[in-house]
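Presented below are the structures under discussion, each in the form of structure tokens.
What follows is a pair of complexes built around chain A, which joins chain B in one and chain C in the other.
Up next is the complex of A and B:
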């Protein structure tokens, strides 16, 4: 037994010594060598990024300027694909919907998420239970979310049917079947799905606020609602940027939600660019149109996100 | 220890070698519903009985199957055979040189004289046979609830005018006159039935076969769009984006009087325990008594350099074109055998009626969307139709004009 222990002690000692040696060596090694090792480790990731993301994006942009149809061809066609795209009524609707859906979804989710976070931050009873309930929608995929909301909103089997059963037969709630309203039902589902996540992020931020600030607020006698609006939430600005980026990504890549919930209908009134691209790429075997639509999506996102991020980062650096 | 390992490896080798020697046929398809899988089992059993080994490779839905099949061809490991819907897409596959020609088998089996001419045209490329048709579905059927029509003491409508005359009475009696789910698939069926039944077969052929843009924008087409618009008031509130089988359930449960749907509906009725004649009836859609809008499943055989795979392909193609096997297959599939010389005495009354319409000659055989247009053009027309249906204020004249523009600008 004692022998064993001494072995263990010696081993730990030697490990410690080795550790200090490597630490010394690391400190002594020239910077360039160390950075080479780091570069080598990062190389595969960077390569995948360059080829798979940027390469594919560039290729898509290139294809959108060719006559590609069923298969890629490299005959240059200038802006012909874009001309057809912008004359396609379905694209006009889908493209407009992206901004409408995006604006409402971002505003609604952020508002509801922040509101829930503030309410929970007031140290309510059973906070854990509420937090779990509100975070729950996020654990459900968009496909299931879409199907569930489709059933709830369907006038013949859903909520309207239920209210009729209670005796109010004049009650009408058929937005999902109305071309001028269907897009708003997608906004409901999007907000329902995402506000839990935003709540969790904002709540983490609120809990991180310095106690001293709260003490100062109490000393000054500022009402809680005013404190949140004017002091606490503005302090969480970087978190809000994160939230907006997260929701915006969900908006731009929305595909499964619309497919499961309205399938773009009635007609194509609730179509979104993501669904447009997938339909043209796979169902209609028209690579050129799909690439042009994808390029317009990318361009629009860059046009909005780039100045916004630039502005926010510039603020931070200042 | 050592000896046992040798025995085990020997067994493994024997097992691996066994199926390889009996021509293995890797067949890709998307027939997964009850009736469909029983139908495809007819082919599988027959292939095994003829000394081969059937390897079933089912996908969920055509898109998944197409993507997997094309990937396997591109990767140099093509399936022995793959299912496809006949039409422009199959021709495009042949253009790429991906399909094995089947001319010798076609001659030996006397295929071409026994198939509808419209099919022969579409299963050939550059004068060579490149696909094997296994069924003849009709898209322009009308399935109706016998209970509803008996109760109202009415006969199912023979023309669209009759339907419009009786629809208000059906609605007043508390039934849905037309079971319809507003999506691209069902708008295709409805529009084809309207075009052939109210626009006439001549107009249908001018637009769907000759791609005549002027006919597509003509006054007759405006009339077709007008009738379609008038149907909006006879569907229920749950119609938008409802799947076809959910829509058919309205007829199965006697909530709706009738539905314009292809003969694949029979499988669904059977699954719901409904009997032809007592619970439901079938007729050609109004005005479609001498028109059969063909929807055809084919198998194509990707080119393969391995001799045993070529032998497997020959064996498969021959059994799929065997009239007796086709009849047994379609007893489950709900369609007609593609071979007109098949004996269909054992098939149901709907099949007998369909066969009568088809044997009326080439004039009665009409191409469906997939046979008539490229997927891109079909998609544009579908966009136009679903949007027209969804907007009650849309003008029939504008819709017809837009259809004319789409046909005129076809990219093919």
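Up next is the complex of A and C:
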């Protein structure tokens, strides 16, 4: 009986498009009815979202405009916290690092992810094996990822030591211990962890490209690499924008990776805003500065997400 | 003609070479960590971590599990492992249940402001943890459960809510409305339709959601660090503490073994349920 039902359901589902529910509601024959139970189920969700997410976020934004130091106070002080924040050397480094790390991480991850998707799209043997290897880092936590790369890049036990062992004793690769280079080592780990995801998303997009287009490309005698660069990848531009937004948000939020890999060091040379906030909140107990820094993080995420969602919704409604 | 086919063959070889090179980039860190964890302490001290173990053994794994040290506390990572399990099971069950019911209510019932609730959930998923950590700590202290098992479980459910709800909402919205209509004509209400019509068809999405939330909770570091308290420290927090302890000689074989033990549960889930894992990750990534 359940098997029959599911077959029937699938048949109906295949006939009806996913959007039919809203379409019919709009046509004036509402099939959805009101139910007290539905309201009761949603009430806690709404309450939790309003209090814990939006209420808390607004509280933090307000505290960032007060004179709070060790404990929150509610005396309004305008932009004083921000002025102080942007004069703090450690924040200047952390904030700058966010852009540096972000730019390189986005460029590297998108490039490698798209490249791998294109390679796998060429109907290769053992595709499953390649995919499995490219995607496994995604299942590993940022803590383990960070520690692993810390070991691999450590000059005393890792890659440099290995090359010395081969007899090439002049070889130097000590970026992770250098204040001017440590931030770049985070990019390796970031690309390693995320490019599988971008590969999976892009490959799904490539597989959805209309066969007629490929037929036309073959008729015109355009070589495959040329076709990808000038025709196929430009067609997937919306998907690439999605990928960029995803990586950018991950960059703004990143915390575990830097904690495990460099712990913000040497000194605070590889600090990031996420770590700055947690340290100022729970170790240095400076709520005012932490709230101002957290508000900058929130602003950064909104600056990425808001235009994206706006255009996405506009595109879908069209 | 022959030249074209030769070019094509060179292209194919280049393609496979590129793929193999990138796969080396992806797999070498894991292989290095595995190799190091199988070495003896003497070997770790004298060779680089890239060398192969001469006499592979699981001594470091045993030590990591039973007696790896965090400062003066030498309980091994099995303490963190069981803490993580205790956090994981209730968090995942409650999150998946809450997400499925919320998603169902938002998709097949007429609720005033459903679109606004969905927008709230969507935007909520983007708020960085750092923005709301401190107010949450204050709230949990006020109700007196801060730094406890129930606190960290509540926090995981809270942060999982937007994603889980939207995942289920998108799935249920794709199901045909006739199902609900027919059930309603038979006199079934909100809960009966959920249990007898919706849940039997949700097996796939339930697996995807469970995997997504399980790896998310297991791999979490920040929330465990702030909300779990000393007695419930999850495995990731303990692992980081062990690896950054700088007293005495650093035992890389023990540290790598501890890292592998921490990474093993999500890795196993990934290898045994690859398709579902990828679906969850991409669905979680490309919402709506």
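Simple rule for what comes next: the second predicted complex is superposed on the first by the 249 of 318 C-alpha atoms of A that agree within 3 Å, B and C clash if a C-alpha of one lies under 4 Å from a C-alpha of the other, contacts with A are read in each partner's own complex, and residues count from 1 in each chain.
Going forward, a residue touches a chain if its C-beta (ideal position, glycine included) is under 8 Å from a C-beta of that chain, and two chains touch if they have at least 3 such contacts.
Quantities reported herein were computed from a predicted structural model and do not represent experimental measurements.
Visitor: In the overlay, answer first, second, both or neither for which of chain B and chain C A:57 touches.
Guide: Once the two structures are laid over each other on A, A:57 reaches chain C alone.
Visitor: Which of the two partners, first being chain B and second being chain C, lies in contact with A:279: first, second, both, or neither?
Guide: first
Visitor: Check the residue A:157 against both partner chains and state whether it touches chain B (first), chain C (second), both, or neither.
Guide: Once the two structures are laid over each other on A, A:157 reaches both partners.
Visitor: With the two complexes superposed on chain A, say which partner A:222 touches: chain B (first), chain C (second), both, or neither.
Guide: neither
Visitor: So, does A:209 touch the first partner chain B, the second partner chain C, both, or neither?
Guide: neither
Visitor: Touch check for A:70: first (chain B), second (chain C), both, or neither?
Guide: A:70 sits against chain B, while chain C stays out of touch.
Visitor: When both complexes are superposed, which of chain B and chain C contacts more residues belonging to chain A?
Guide: Between chain B and chain C, C touches the greater number of residues in chain A.
Visitor: Figure out whether A:291 sits in contact with chain B (first) or chain C (second), or with both, or with neither.
Guide: second
Visitor: Could you say whether A:263 touches chain B, chain C, both of them, or neither, answering first, second, both or neither?
Guide: After superposition on chain A, A:263 lies in contact with both partners, chain B and chain C.
Visitor: Of the partners chain B and chain C, which touch A:241 in the superposed model: first, second, both, neither?
Guide: Once the two structures are laid over each other on A, A:241 reaches no partner at all.
Visitor: Jot down the residues of chain A that show up as touching in both complexes, chain B in one and chain C in the other.
Guide: On chain A, the residues that contact chain B in one structure and chain C in the other are 157, 263, 282.
Visitor: Where on chain A is chain C touching in the complex?
Guide: Spelled out, the residues of chain A in touch with chain C are 2, 5-6, 9, 12-13, 16, 18, 20-21, 24, 30-35, 37-39, 41-42, 45-46, 48-57, 59-60, 112, 115-116, 119-120, 122, 124, 130, 132-144, 147-149, 151-152, 157-159, 161-162, 164-165, 192, 196-197, 200-201, 204, 224, 242, 246, 249, 252-253, 255-256, 259-260, 263, 273-274, 277-278, 281-282, 287, 290-291, 293-295, 297-298, 301-302, 305, 309, 312.
Visitor: How about chain A: which of its residues touch chain B in the complex?
Guide: For this pair, the touching residues of chain A are 69-71, 88-90, 150, 154-157, 174, 176-177, 179, 262-263, 265-269, 279-280, 282-286, 289.
Visitor: Write out the stretch or stretches of chain C touching chain A in their complex.
Guide: 11, 15-16, 18-19, 22-23, 25-30, 32-33, 36, 44, 47-51, 98, 101-102, 105-111, 117, 120-124, 126-136, 139, 158, 161-162, 165, 173-181, 184, 189-191, 200-201, 215, 218-222, 226, 236, 239-240, 243-244, 252, 255-256, 259, 262-263, 266-267, 269-271, 274, 277-278, 281-282, 285-286, 288
Visitor: Which of the residues in chain B end up touching chain A in this complex?
Guide: 63, 67, 89, 92, 96, 182-183, 236-241, 374-376, 378-379, 383, 386-391, 411
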